[in-house]
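Per-chain numbering from 1; labels A, B and C assigned in written order.
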Amino acid sequence: MSKLRSPNVVFRIFILLLCAAMPVIAPLVGEPYWVDIFMRVMIWAIAAISLDLILGFGGMVSFGHAMFLGIGGYTFGILAYYEITNGFIQWPLALLFSGVIGAVVGAICIRTKGVYFIMITLAFAQMIYFLGVSAEEFGSDDGMTIYDRSQFAIGSVSLDLGDPLIFYYFTFALMLVVLWLVQKIVNSRFGMVIRGMQSNEGRMTAIGFDPFRYKLVCFVIAGVICGLAGILMANAEDFISPDMMHWTKSGELIFMVVLGGMGTVFGPVTGSLVFLFLSEILSNITHNWHLIFGPFLVLVVLFARRGIDGLFSKREKPDA
Amino acid sequence: MPEKILQIQGLCKSFGGLTATDNVNLDVFENEVNAIIGPNGAGKTTLVAQLSGSLDPDAGQVLFAGQDITRLPAHTRSHLGIARSYQITSIFLDLTILENAALAVQAHDGHSFQFFKPAAEDRRLIDPAMELLERVGLADRAHLPARVVSHGEHRQLEIAMALASKPRLLLLDEPMAGMGPEESQRMTDFLQSIKGTVTILLIEHDMDAVFALADRISVLVYGRVIAVGAPEEIRANLDVREAYLGEGEASDAGS
Amino acid sequence: MDFVLLAEQALNGVQLGILLFLLAAGLTLVFGIMDFVNLAHGSFYMLGAFLFATFYTWTGSFMLGILFGIPATLVVGVVAEITCLRTLYARNHLDQVLATFGLILFFNQLVQVIWPLDGLSVPMPEFLDGSVNLGLGIEYPVYRLMIIISGLAVAFGMFFLVTRTRLGMLIRAGASNRTMAGALGVDINLLFTCVFGLGAALAGLAGMLVMPIIQATSGMGEQILILAFVVIVIGGIGSIRGAFIAAIIAGIIDTLGRSFLDVFLLLLLPENAAEAAGPALSSMLIYILMAGVLFFRPQGLFPPQQR
């Protein structure tokens, strides 16, 4: 399924190299804050890749995916609040809760289709958002600052996430792992089932696949990966707030997926990069940048629906 | 004494004021080819949908090898040995021909909660899939996206996918729909080659194919079975001729 | 449990329900007839509020403000429909969601540019100020009663429109078979524009009616929009009757929930837990209701027959 296709592959390698080299490039060109932007790009890319799995490959339009960012972030934040800073406890728990809540939410939502699915995923995200807002102990609306990043230590070997450079490459490594993982999944037997479900669910049931089980597992996997992005985000910003799971964040995630090219493994990385950079540039030009950004998004939907990946290749199967 | 593999008892289905299936009773014997014919709008596809599990009947029972499958979901029926091809092509247009066939094979090769090994390199899927494609004559088109091949090739793929599950009962809904004479002949020859190895419930308008293949013919008009019997009996049956005369020459001319 | 308080909160619930209905009606019409998911519907609510405030400032009259505000919002809706939304009717729902999401960002920002003040308000008009005695010891604000009555009038107006008038017949024809209606000579584009405009005007009216009670702010549309979507999902997408019933139920549950849930919880849980869970649960009530309805009846309570 992986084929070398010149402009596409070169472009993707370029982006990855750009990410890898940014801590060196940024100070060189005198724009040190670019490292922060790329940090956010990579974290959002992880979240967007997870959404692409259910949206681009599985055809499930979830308008509540940002809830997992909140679940991951808040698990970390709450544990840190109670002075549990061991990453080996925080991270598995964050992923576990993401998975469990993903399973519960998914079990209800996947009974619906189309617009109902969009609305019910939005509704669940709202519920969890309100849970965060009402959690006065943890800052409610205003959010809560976290003073300690996750500590990872085995014996005398430790990973200091407080060091920006280390944290940057740790995130980069995680993004590569997620890319590799999702690439494997979409080309595996499971991935073929998911893609078949999007293509023709009726036929899938006729040939013997039970849609519910597979879609649910896919939803849970996507939730867990997004929870990972959430705990990364909370660490990176040293801050958690219900805003992480605001429904507009879910909308932005969908946009990143569409911008980069829905149904491609690497697309969300490009989408995240373009989205965040555009936001950054525009917001520096004018305080009222949504006046331009909003119509831009509309134009993308109207005229560049297949995203950046669509600019490169004709209709193609997914590959890395 | 051949076994009754499919027993349809008192099956009823209405859509608002329209009765599509009107108390249908039909027995199908193992390994026979039972062709269902009837004018357009007789409810043939509705009947097949209730047999395959994509539509719930209002009343009645369907027994498969003695087991009540009336309310079972489609995917369960597939694993019991029922396979279906569609009148309006229903394949995976986004995938290649080979991927289509491989998916159909995969559905019956254990569970699919396998996340790492690439499906395209899985010989347990690819080999049977290629074999199926060869049987229906699509082997050389295997790597083309399903979207780009011809309508006739879509119909061939339909059959291949239905056969992938090694079914005991094949529900074929107008397999020759939209095919020219040469393609229809090829399809008829192919169905001849598998006749007797699997039970086939064949819905078709192409009378040449029907009379060439069928062991028995069932005639469905306005949701009711008005006659069942050997081809010669049906040909001579007055009720049948009347039902078809109403349709004009269309039925004799084939698809 | 104070009966008067319960009655007043129930009425408040009905009032909220009426507002939700005004929004949900347009939403469900547009979805039912044009199969169009409009996330930016809340923007018409917001624009209605702002335009009303402006007209009020210019004319000094509450009634004139509304009289000018409604057609103004309608015009905005029609312009939006003709310029960019029309092309989306043929697209799938995801595209529609994304494009209208972009519109929300635009409108929210536009409002901040045109009305740079940090929140606009309109004072309660004198002739609608004060309370009225409804009997049984219930004193209810006149203004809120007016909202309920206006909303009921609109609801009856809509039923009449859809079931008794030619336009209503065209709307129902367009809903069940767009191509056929077009082939029969109905100008589908004009019809859809009218429906969309009507929906926008209703949303705008809701925005105007709340003005004396709350302030107009950028982004005010989204919160209530999500509730409106929940309402039409519960009621059955495309059904005005469903939207009405679901809106009233949702309004009552939300209001009574916020007022009385913590009391109820105190009976079951220790004080700390009840105090913490109360506000969280009460904002979740409507969503829990929707999840429950969808679980047992995925097509909503009153799905329209034609779809």
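Here is the rule we go by: contacts are C-beta pairs under 8 Å (C-beta built on N, C-alpha and C of every residue); 3 or more make two chains touch, one makes a residue touch a chain.
The structure displayed is predicted, hence computed values, not measured ones.
In this assembly, the chain whose C-alpha centre lies farthest from chain A is B. Geometrically, the chain at the heart of the complex, using CA-atom means, is A. As a whole-number value, the distance joining the C-alpha centres of chain B and chain C reads 49 Å.
Rounded to a whole number, the gap between the C-alpha centres of chain A and chain B is 43 angstrom. Note: centroid distance chain A to chain C, computed from Cα atoms, is 32 Å. Per the touch definition, chain C reaches chain A in the complex via residues 31, 37, 84, 87-88, 91, 93-95, 97-99, 101-110, 112-113, 222, 226, 229-230, 233, 237, 276, 279-280, 283-284, 287-288, 290-291, 294-295, 298-299. Within the complex formed with chain A, the chain B residues making contact are 52-54, 73-75, 78-79, 83-84, 86, 90-96, 99, 102-104, 106-108, 112-120, 122, 125, 145, 161, 164-165. Put simply, chain A touches chain C in their complex at residues 61, 63, 108, 111-116, 118-120, 122-124, 126-127, 130-131, 133-137, 247-248, 251, 254-255, 258, 288-291, 293-298, 300-302, 305.
Contact residues on chain A toward chain B in their complex (touch as defined above): 1, 184-185, 187-193, 195-196, 198-200, 202-211, 214, 217, 315, 317.
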